[in-house]
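All chains are identified by letter, namely A, B, C and D, in their written order; residue positions are counted from 1 within each chain.
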Amino acid sequence: MNTGRLEAFSDGVIAVAITLLVLGISVPGKSSRHSFAHQLLHQWPEYAAFVISFLTIGIIWINHHSMITRLRVADHTILLLNLVLLMTISILPFATDLVAEHLEQPVAAAVYAAAFLVMALAFSFLNRYILLARPHYLGTPLSAERRRQILHRSLTGLVPYAIAVPLAFVSSYITLAICAALAVFYTTPAATGRDIRDG
Amino acid sequence: MNTGRLEAFSDGVIAVAITLLVLGISVPGKSSRHSFAHQLLHQWPEYAAFVISFLTIGIIWINHHSMITRLRVADHTILLLNLVLLMTISILPFATDLVAEHLEQPVAAAVYAAAFLVMALAFSFLNRYILLARPHYLGTPLSAERRRQILHRSLTGLVPYAIAVPLAFVSSYITLAICAALAVFYTTPAATGRDIRDG
Amino acid sequence: MNTGRLEAFSDGVIAVAITLLVLGISVPGKSSRHSFAHQLLHQWPEYAAFVISFLTIGIIWINHHSMITRLRVADHTILLLNLVLLMTISILPFATDLVAEHLEQPVAAAVYAAAFLVMALAFSFLNRYILLARPHYLGTPLSAERRRQILHRSLTGLVPYAIAVPLAFVSSYITLAICAALAVFYTTPAATGRDIRDG
Amino acid sequence: MNTGRLEAFSDGVIAVAITLLVLGISVPGKSSRHSFAHQLLHQWPEYAAFVISFLTIGIIWINHHSMITRLRVADHTILLLNLVLLMTISILPFATDLVAEHLEQPVAAAVYAAAFLVMALAFSFLNRYILLARPHYLGTPLSAERRRQILHRSLTGLVPYAIAVPLAFVSSYITLAICAALAVFYTTPAATGRDIRDG
């Protein structure tokens, strides 16, 4: 299969998932006793989770582009691993909504970080398959050294999320803060040169 | 009509339908008596139905791609049959939501399997029209033998869904298990070589 | 502006609007006194409205494609008239939901037919601007005779919707039936040759 | 990165965001005491906010196209600034819903105008980065004079929104009227020649 339509479909799913995040931000009701402005401020976890998830999905989109761009062709396994990756991305609006509405619940924060971890795992898995099992599908050959380097960085990116999951049971705020810090970190040039560009 | 825009529009509808599935996973309310973690686990049919539907729509997308790729041009009948196929795909978020919330209802499970059956029928119908009535639209000619083979496989794919519908009245769980088994089966290389690639 | 991106954006909006229609089909609640199967059957207006709107938007997509394909380039006015057309399409999930939930209300059925009328008007208007004011934008020149013919058909297509609106106050069912008949009619080869292809 | 996929992904997000606006228009309930037609009329702020936001997002899409079309390539910073712009666009369905349901609340109208202001700021920022820091990425070189002119117009476009925010505390209606006037103004040829085409 030509990678053009694979990219187009993946772009579609990621674009819809990232835009559905807004449905998790609720409009305060009329019958509330609290003042309207107070209510809007009080739902800050909804805004925080929206921004964190939006940036993280956006970075995954950039990384996904880098990964697929390297490919000349795709086989059935790549289509399926990509489908699993898209599934982990498209569940993020649920995980985001969960933590946004229930930041007081450690389980909600743990599920949120776990959703990012699973997405990063699916990404690494697809990357691993392409670089180790199908290196001849690459448009420009990469040295074994370079491929090992990319995979190493891809794996080290999992560690902070793996740590953030159990930390939710210490404090949901710590988990949310780690997810926020990672989203911001991955947008920096430092991360670009080392983790993102290499996907 | 050039098939490029037909593919692009179909990809768009399928990408939105597959991503809307996540709206069927509900966030537990605050006022619940059950513990939060228990509630999250208790709604496992929502996760199961999400995964089954996501994989099934994903496989249909792959098959759809294989089918349209064979075409050089499309006439009005192909556009309309494709529109009907897209309609059967875009109703799946409803059928998924229905079974996810009402697994205790045999009718819900029957509707779920029936929705997949109707989608597979619409797919076979479009395939049939292309291969039997418009073989000259194909980019690379296929032998009559090969076309019969593709259609045969396409039709045998309907049988398990047709069986799963009435079985819902024995047990909703059996129907759900058949749909799950089919989703997993179609992702295997065996299915690829025999049913999917030939779409 | 090149028409490629105009088509891509229009396809995106139409694909999302057509797929959002499914959100109007509601899942029956658990606490109902009626049997589950009865409830599912009882909400038949939701299925009917879904199918009518899906087919109608699908046909508009086909027509839109025919119209834009004729263009070599697009100016600012075309972009804006197209934007207005997309606005009338993207409000259809609301109009569909309205009639599906309130078929007993004449106003709901009138709004539904009026929404189709306004969409058809926006389509005619864009078509008119291209064919009368910007004929030199067409890739292949059309004779004045042929352009008059296309516009005439485009305008006669408005009449049934204009009749369906006031008829809602006689009976909502008549209006729904007219909209259904039009959706089916436009999919026939007769309509293709006379109204749709010429869009 | 080639700008093709950047455009495709941006188009996807903008198309979904603009189409999600319809979800903010609510279907009146059955149990209402008011007459159905009265209720439909009474929710006019939902229609007004839908139209204003639809036109504004549509114009941003046209402007975005003009901006990206100028680029030959995109670096990581452009991808990130574009991602932030898309984030400000995709939050608009929430802001639209907020003002549509709570026009009586000055804070809601202020948030609405502020959301447009932030979107316009993100747009100006991206434009500024491209024109001042990466002029060599442009396909056709622009004179320093012309670039200053574009940026000046881009910045003066922020002023009315900045004024509309505090005016919400005088009257929500004034803020809504300013946002409506701007949406209409930007669709006129006058604005095209001076503010929009130049992005």
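Heads up, the rule we're going with is that a contact is a pair of C-beta atoms (placed from the backbone, for glycine too) under 8 Å apart; a residue touches a chain by one contact, two chains touch by 3 or more.
Model, not experiment: these values are computed from the prediction.
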| item | value |
| --- | --- |
| Homomeric contact chain C-chain D: same or different residue positions, threshold half | different |
| Rotation in the CA alignment of chain A with chain D, degrees, nearest 5 | 90 |
| Mean-CA-position distance for chain D and chain A (Å) | 26 |
| Distance from the mean Cα position of chain B to that of chain A, given in whole angstrom | 26 |
| Centre-of-Cα separation between chain D and chain B, whole angstrom | 37 |
| Residue list for chain B, restricted to those that touch at least two other chains | 8, 12, 15-16, 20, 23 |
| Residue ranges of chain A touching chain D (in the complex, touch as defined) | 7-8, 11-12, 14-16, 18-23, 25, 27-28, 30, 36-37, 40, 50-51, 54-55, 58, 61-62, 65, 187, 189, 192, 196-197 |
| Chain A partner contacts - residues on chain D that touch it in the complex | 1, 5, 8-9, 12-13, 15-17, 20, 23, 76, 79-80, 83, 86-87, 90-91, 93-94, 97-98, 101-102, 105, 107-108, 111 |
